[in-house]
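Below you'll find the structure I mean.
First chain written, first letter: the chains are A, B and C, and each begins at residue 1.
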Amino acid sequence: MSNLADTRQAVHPGAGLSGGELRKLLICIVLFALAALVPFVFGGYPLQIAISIAMYTALATSWLLFSGPTNYIALSTAAFFGIGMYTAAGGIELLPYPVLVLLAGAIGAALAAVVGLATLRVSGVYFVIFSLGLAELVRQVMTWLQHVLGTMSGIYVTIERSEQEYYWQLLLLAAVVYLVGWWIGRSRLGFALRIIGNDEVVAVHCGINTALAKVVLFIISSAFASIGGALVAPRWGYVEPVVAFNPFVSFQVVIMALLGGTHRLWGPVLGVIPFVVMWELISIEFPNQTTLLLGVCFLLIVYVIPNGVTGLIEDAWHRRDGSAKGPLQRAFAPLKNLLQRKSDHA
Amino acid sequence: MDILIIGLLLGGTYALMAMGLQLQYGVARIMNLANGEVLIAGAFGAFWFYAGTQTSPLLSLLFVVPLAFALNWAIYRVLILPLVRRAKSQGKLEVDSILATFGLSFIFIGLMVAVFGAQYTDYAYLSEPVFIFGERYGLNRVVSFGASVLLCIGLYVWLHKTRAGLALRAISVNPSAAGLVSINVARASAFAFALGGAVTAAGGVLLSMYLTFDASYGVVFTLKALIIVILGGVGDIRGTILAAFILGLAETAVATLIDPGLTLAAAYVLFMIVLLVRPEGLFGRRTA
Amino acid sequence: MPDAQANEALSAAAVSKRFGGLVAVDNMSFSLVEKEVLGLIGPNGSGKTTMMNLISGAFKPTSGQIKLYGASIAGIGASKVATKGVARTFQLVRMLPAMTVLENVSAGGVFGHARRWGKELDEYAHALLRRVGLPNAGNAPVSTLTYIDQKRVELARALASDPKVLLLDEWLAGLNPTELKIGIALIEQLRAEGCTIIIVEHVMHAIRSLCDRCIVMNSGAKIAEGTPAEVLADHGVIRAYLGDENA
């Protein structure tokens, strides 16, 4: 997992938009415009799926903004998502909604700054562990705070909004995430991240404050997750800690991003779409085995498709001429060797 | 005062659980996020044994420990080794093993829910009070502590007095140098991983004697074990034991003085302090 | 060559570095004058690279002071030292493997002491490539370069930050005789342009021809200081390199 910018184009850092880049931008705009037309075509159940897809695309792509360049698996999406939900729910009587959404982003950013500054100067593994329990930690603290303040743990959020509006808001969020991701890739920060990804020692000696770069990315990524939570809060209707800080959100976002592929900005969406559809089916057919199947998904991705769907696509593209082995063959080669050796000794 | 006693009793059992992870991360260098689930599996094993036979759950150690050893050995050979072989760097191996063991933890949870159900579980064994310094404590906590201390001492002695233990300690300091003095690092790492799992499961048996648990509670234990290992210093057993006591005390103090629902927060505060002040832990080695 | 009344670019005062029980650098003190080329030589394991790492900020000294134009740089961390104007090359060339030559050179000129971007960066990077003798290599991936060319890129990257002090850590190592001539000529050119350089080297004729002054280290401590001719004739130095019989 590394850079967001396409290294095949040897363009000097800070260059203006090349023809190829302009073309890609236009394609993206067209795709988003098409996606915006979905509610005019679909309604009811398909639209609900579309809302899920839009939300998870925003979450998974913003996850990639941090975890892609740094290679640190952030398991904290649910913590920030929940904070966003609570900000919106808690302030619903006090502030206008758009302000709440921005406030959610700001609070998420603040927490991310604290967590990032504490953990990102040390090894990445510690960050991953910290992020694992963060949602649970925030949930515990929220529950305690409400206990101390004497409020009920759940908050009703009653805002009338149509399903179409949710879809467009989340689609807009996803578009903003893409825009920010694209802009970062072309900026000094993006250049710094590519250098860090190539050789961190060189990066440091070029004057790059590597820890700060990672913290900034984490802040941006987490703020988007908080905004996502704030946008979705009214849809839930009733926000309580167990629901808002559901760690499954974190895990599913990671799986979707990995499934899609973490080398390209457009990778996660390729994982979100099949996963959301598949998960709907699983939740209906095997409602009691969701945890187990989630685990199986993780293992499948790690062992069979480590580079995700984008990896498969790009491999197939390269294999048009050569005869390189496909990912399935490569993944099962060690098992094959093990079995062959066993039968040799039998 | 009773905070002190309960904290120490808790710390003692935490020590065993953290030792298991220390062996897996400090020696085999695998960040095993399914560690907590192995602990819970041990707890369920003890529960099942006690519910079935009504004899001391300590006896369940006799089958839980070897089973856990075998299971973790299998996990290392089947799941971890392919990752070790294909990893181009330690960093990539860490990422892969985190994801793989993470997925494994879900599979474990799913299986345990299917077999034991999703409800909270506990059992009453030795719950009569015992008096220490004039205060009453559950006998189960004291016995659990005692058993944990015995096992910890046994493990410590084994690590420091036997050749096999020396090999494991050598690997935790420097795997490539250990290989150069003809220690079979691959086999020793597998052994350390399996042993770590067995120790963790033993910790689960002991904790089950007085804690209420359910199938999805493992992650909290994984986090606490990790925090203990990091606080004590990766690769040093003495640190792990000391850190376990510190966590036990801190947790008990917070639970008693502030709120019992903030135990994880207490652990995280310790974690933050370690990261900000001394990231290599109490007994860890600082790199230049 | 240093001017008659030049500033002190770099100073080390009683610098020591311990790794556990091992003393890698022992009470080193020296002064580097602006536009001077200082050679740091000594047998293997004498602490030269550790000293360079201390100056560049990769390590923190156990004790002692290091100052860049009077400002303390000991222990502030490599990225801050780079921003203050110290640039270096590495003993084993460190390229950014997935990037082009131009990007490698540009990397040195964006974040640290010199901050350029966009067109200005592009022109400056191309000028540097011309200066080190690689005028047309801009778009080549670094993996296709020869070793001497990679070293040139690394040098250009270091120069991209307009450094006040340049550290060359065995930059001439691993070069064949033809490449060595080119390399020495390049450093000679930098010297003529007035760069302040510290060179760690084993190639003695390069030291003789390039350095105004030399410091010899052995077992972490300074055992001689002076012009290359003086230092290389010193008995203590010869004994350190070749043993007692040849002194």
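Everything below uses one rule, namely that contacts are C-beta pairs under 8 Å (C-beta built on N, C-alpha and C of every residue); 3 or more make two chains touch, one makes a residue touch a chain.
All values derive from a computational prediction rather than experimental measurement.
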### Message
Based on mean C-alpha positions, which chain is nearest the centroid of every protein C-alpha shown?
### Response
A
### Message
Please identify the chain with the largest separation between its CA centroid and the CA centroid of subunit B.
### Response
C
### Query
What are the two chains with the most C-beta pairs touching?
A-B
## Note on the structure
subunit A and subunit C have mean C-alpha positions lying a whole-number Å distance apart equal to 43
### Task
Would you kindly tell me how far, in whole Å, the mean C-alpha position of subunit C lies from that of subunit B?
49
### Message
Centroid of subunit A to centroid of subunit B, CA atoms only: how many Å?
### Response
31
### Query
Out of subunit C, which residues touch more than one other chain, so two or more?
none
### Summary
Listed in rising order, subunit A residues that touch subunit C in their complex are 2-3, 7, 10, 12-15, 188, 191-192, 194-195, 197-199, 201-210
### Summary
The residues of subunit B that touch subunit A in their complex are 31, 33, 79, 81-83, 85-86, 91-92, 94-96, 98-100, 102-111, 113-114, 216, 219-220, 222-223, 226-227, 230, 259, 261-265, 268, 271-272, 275-276, 279
### Query
In the complex formed with subunit B, which residues of subunit A make contact?
1, 71, 73, 118-119, 121-126, 128-130, 132-133, 136-137, 140-141, 143-144, 147, 247, 251, 254, 258, 288-289, 291-299, 301-303, 306, 334-335
### Query
Mind pulling up the subunit C residues that touch subunit A in the complex?
56, 58, 77-79, 82-83, 87-88, 90, 94-100, 102-103, 106-108, 110-113, 117-119, 121-122, 125, 138-139, 141, 157, 161
